[in-house]
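Each chain carries a letter (A, B, C and D) given by its place in the written order, and its residues are counted from 1.
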């Protein structure tokens, strides 16, 4: 860290004003994601622990789940990750317009994912009669996927705010790190879903 | 963010003007300056002040407990009051005293030790502090409501904390308060990690970091990685209490033991979060006052790392009596013994530091050596617990109470007191009286041992903790009376400390720069340090950088003069702007938390009325504040130093 | 330590442009790959094999997806190694904790009391 | 090293053990005795745990003495004695001393191994009854409630009288006083139906928690006949401190006598002999107690086993008429909706079984000695004795139960008669 190095550089992976060359925001985001690993690790553990010994009378997850819908929303989330990666790529090149389109698509996919989740929850509660209070499966399932959904929602809000912000003219390739750290968050939400898709959904079909 | 802003700054002029809400406060004195400050030293001071304030609270709770137990069958407190006292004593001392006191030193000292002008994210730092205050308020608000303070013990084992067994809002406040303290701690810790990794002065390689900074780094990692576990546990109990979920509802197959696991996955690293900063402080004081570099620096650092890492694998030794089965018990028993090795290594190296040195017995040094003795005792009784079958007799008894007070008072608190005495001249430019410092030490030392040593015997004689009364025939009366007398001696010692500290703050003898002939960079600063810390960012050439600089004064002076010119050529000293939004965001959180935890929901079925409204209001305030916080950006201004050292600010505030 | 490595502006641009072009295709291909793996996972669960084989396959496939996302989409591959280390500290601890928890709760001693196991006590009470 | 330095080192390092010894002697006055002392084991499990404790204790003491001696020596030897000394130029950065470091680490590991071996043995030993004695083990089930313990004897059968007057089998259970046979391992299944409790009889074994939804167990064995104090050791709410219990270990004959007495339905006194001269019920002669006042007398505590044996005999001066009144009140004041008295038709299951409550040495979860005054103290104001207890909250308060002195008198007589 030194103020001697004043020349700006456009290489997004090197910030000469920090000791390690990694931008502060990126380091912050990675440290936060490490913390979030523990967060989701504990939450997923809770679900799996309760799955080990289901008390009698617990509805079977297999009867409740709809793997087609979940596969679709998993696909959507993966695609939103792709669009996010492209958005970061675009802003690093300084291509604001391309970034906006990519961001918009990411938001769109994020909203589809959330829509699927809302549909899924409504379907479970009203038609399959699995609620957050009526069984331990409902409790852990809704809490886990709901917490993930909340992360997606926060991501969508962040993306939207960034999209709006990009029209103020204050967002240039020099601030690409802002978009990039947002991207890290979004991808993390995606990889958490990769784990949930396997550990919560697919596991029930074996 | 701030580091980047330096380069941004040059190109600021071509940016559009900001709307009124994004104008930055500039007050340097008065209430607004404190609410909007982003200066790590001011925030450190605020942390310290709050910690000392809650220390009085926690201490009074402890005295109430000791008074109740002074004689058998006492009626000073009712059972319900007693439960509130020990719950809040534990919670307060851990989360509102030792942790923020550590945070105070992290904030104040760590950036100075690595030669930085501030932490990586100054506004996030302010947010951490205000959220900590908010959490403390929510935890303590129960004393003033009809529900009373939280009363289920500091580790709040489910299902005692479920609605069935704790129907009032007291536990909601405890849950919400801890949740907010978790948010504050994680935010602060992330900031410290980035600061230490990324904001070091030129030449400050990792293996030249002062040990205190190393321990700050490890502590921050522990916070970041362990708090999520309790966050999940608290979310689960909160869901149970608010929405009737089944996490700990036994009749639906809930497993209360899960709470214990999640809690101690957090709780054991938490113990190291409390002790590692203390070890860091001790590793600063011992070399300074024995005029010798720290013995075996790399080993001290690596043992710190291994304590931190192993600390995640021993949590179940708090649960030896829960019937985990033989294999699990054996595994955790062995892991616990293993963690004693790096801890022992530290003690050996501290003694190695003293060996062959020139020991000056100033007050900080007395506390530091007191720490060595007491921490050794606490550590050894810890080894006794690792023998699981023997622990079956000790668990939940006063033996445990004795053990962890030896670690937390004899360890953490002695070190924190030592730290205050050590850095007070730097922080405030005044000296705490040496005479009264020594009086404090002996009162605290004697009082502490008289209080807690008999508790070992009480525990082995079968006295369980958290009991508000006992019969005379149990043979516990003498020990308890001793303990109570000791507690009052300890209290007098602490009072002496507070008074001498307050006196020193206003009227104490002026300290001079580098009061103790120190080794690390913070001692290169004038006392108290100026807002910008370093007139010129120092270049570090050795592990004990300031000792090196003093030995090579002329070369360093030349180097500094060159860097000063370069600095000025690049626009002077960059300072971050103040901001009100971290504070406002925390206020929003407070309102939301009160909505969740304190307000009764409307009796009308299906709709929670006021509760939801207040919660949404708080959430909205927080959301808007964070949004404006993001939009105002990490701007700053420049300071130029005149030849006489006076300050000239440049071009107004951006 | 920060050696003020100032890369000339234009060369970075050209370099960056190439890089960006390449990455567009890398990202797109990886996304396709991820979709395919997801499909494979979906097929896997219906295969008539023993549970532990299927679970192992699922874990491996998800790990592959996981790694692709963090190393490519999240740039770890191109970033300083420290980012990877930082994230993996959390990941390894979280994984270890999950493993330990599942082992602990899977153990015989942790089998919860079903209402049937509680019955001796309960039924005696009722009998009385 | 010069001789006199060595000598002074010796003197100085000798000071500390001497001080420690003195402290030990001073503390001796509140050390070994006491009814819950872990230093006075009466069974193999507790003895095993104490031996392990001593191993850890000695290893730690030796470490403390050795390291402490070096530390103390360092403190004195290297103290700066002059101003120049205090401002000595610091030496160059050194790299520690790998040989010292490694040997110290080695020594620590060795010390830990000394502890680890008996620890591992102890973990398996204390977990379950040794295999060769498994067949001989006596099984009971202990269930924790807020704030009392219930003991079920699943292998025994009790008798009760059904509505038609026929004697039928019933569950065999008692409360707060666990009676076990001497010299036989006793396997205790630990259950709880509300919060977490912990089952601890310091002289017989270390504690094991009663966890909701979890099948924990513990084994104990008493060497000889005796009377042991136990207590809940995990915070379980407002009255955790007064959630106690007693364990009575009896020889085979006495144990069998106790079993057969317990199996009987509640005792009924013979119809009162008309005795006009005998004064009617005595009122208001009960002692009053202060809040938190001890519930046992010194005489009882001196030899509680004798107290327990005495309690098995009918108390003198029983008034059959009064007892009969008490029995009726027991139903009309709704006591019977929570308590079982086999043979009297009372089948409540919320509170402790009272069929033979008069034959217990204590009441209110091991808290109060079982005599007229204390029983009266308990039923008169349960909340004073055990804050927040169910009998008070969901009994007295919820059902608005008011007891006149006459009622209390009759109830005391009834409860005392249940031998």
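By definition in this document, a residue touches a chain if its C-beta (ideal position, glycine included) is under 8 Å from a C-beta of that chain, and two chains touch if they have at least 3 such contacts.
Here the structure is a predicted model, which is why all the values come from computation and not from measurement.
K.L.:
Measuring centre to centre, with centres taken as mean CA positions, what chain is farthest from chain B?
P.N.:
Computed centres place D farthest from chain B.
K.L.:
Roughly how far is chain B from chain C, going centre to centre by Cα mean, in whole Å?
P.N.:
33
K.L.:
For chain A and chain C, what's the span in angstrom between their mean Cα positions?
P.N.:
Computed value for the inter-centroid distance: 13 Å.
K.L.:
Return the distance between the CA-based centres of chain A and chain D, expressed in whole Å.
P.N.:
For chain A versus chain D, the centre distance works out to 53 Å.
K.L.:
Could you list the positions in chain A whose residues touch two or more of the other chains?
P.N.:
1-2, 4, 7, 17-20, 22, 27, 31, 34-36, 38, 41-42, 49, 53, 55, in rising order.
K.L.:
Where in chain B do residues touch two or more of the other chains?
P.N.:
Each of 197, 202, 224-225, 229, 253-255, 257-258, 265, 323, 325 in chain B touches at least two other chains.
K.L.:
Listing for chain C: what residues touch at least two other chains?
P.N.:
Those would be 1-2, 82, 89-90, 93, 97, 101, 105, 110-112.
K.L.:
Connecting every touching chain pair, does the picture come out as line, ring, star, complete or other?
P.N.:
Contact pattern: none of line, ring, star or complete.
K.L.:
Applying that definition of touch, give me each pair of chains that meets it.
P.N.:
Every pair of chains meeting the touch criterion: A-B, A-C, B-C, B-D, C-D.
K.L.:
How about chain D: which of its residues touch chain B in the complex?
P.N.:
23, 27, 29-31, 33-39, 46, 48-50, 52-53, 55-57, 59-60, 63-64, 67-68, 70-71, 74-75, 78-80, 85-97, 100-101, 104-105, 108-109, 112, 115-116, 118-120, 122-127, 146, 190, 194-196, 198, 200, 202, 205-209, 211-214, 216-217, 229, 231-242, 290-296, 298, 301, 387-388
K.L.:
In the complex, go through chain B and note every residue touching chain C.
P.N.:
197, 202-203, 205, 221, 224-225, 229, 253, 255, 257-258, 261, 265, 312-313, 316, 323-325, 327-328
K.L.:
Per the contact definition, I'd like the list of chain C residues that touch chain A in the complex.
P.N.:
1-7, 9, 12-13, 15-17, 20, 23-24, 27-28, 30-31, 34-35, 38, 41-42, 44-46, 51, 54-55, 58-59, 61-62, 65-66, 69-70, 72-75, 78-80, 82-83, 86-91, 93-95, 97-98, 101-102, 105-106, 111-112, 114-115
K.L.:
Sort out for me which residues of chain C touch chain D in the complex.
P.N.:
Touch residues, chain C against chain D: 110-113, 117-118, 120-121, 124-128.
K.L.:
Can you list the chain B residues touching chain A in their complex?
P.N.:
1-4, 6-8, 10-11, 15-16, 116, 120-121, 186, 190-191, 193-194, 197-202, 204, 224-229, 231-233, 235-236, 239, 243-247, 252-255, 258, 262, 265, 537, 563, 566-567, 570, 573-574, 627, 630-631, 633
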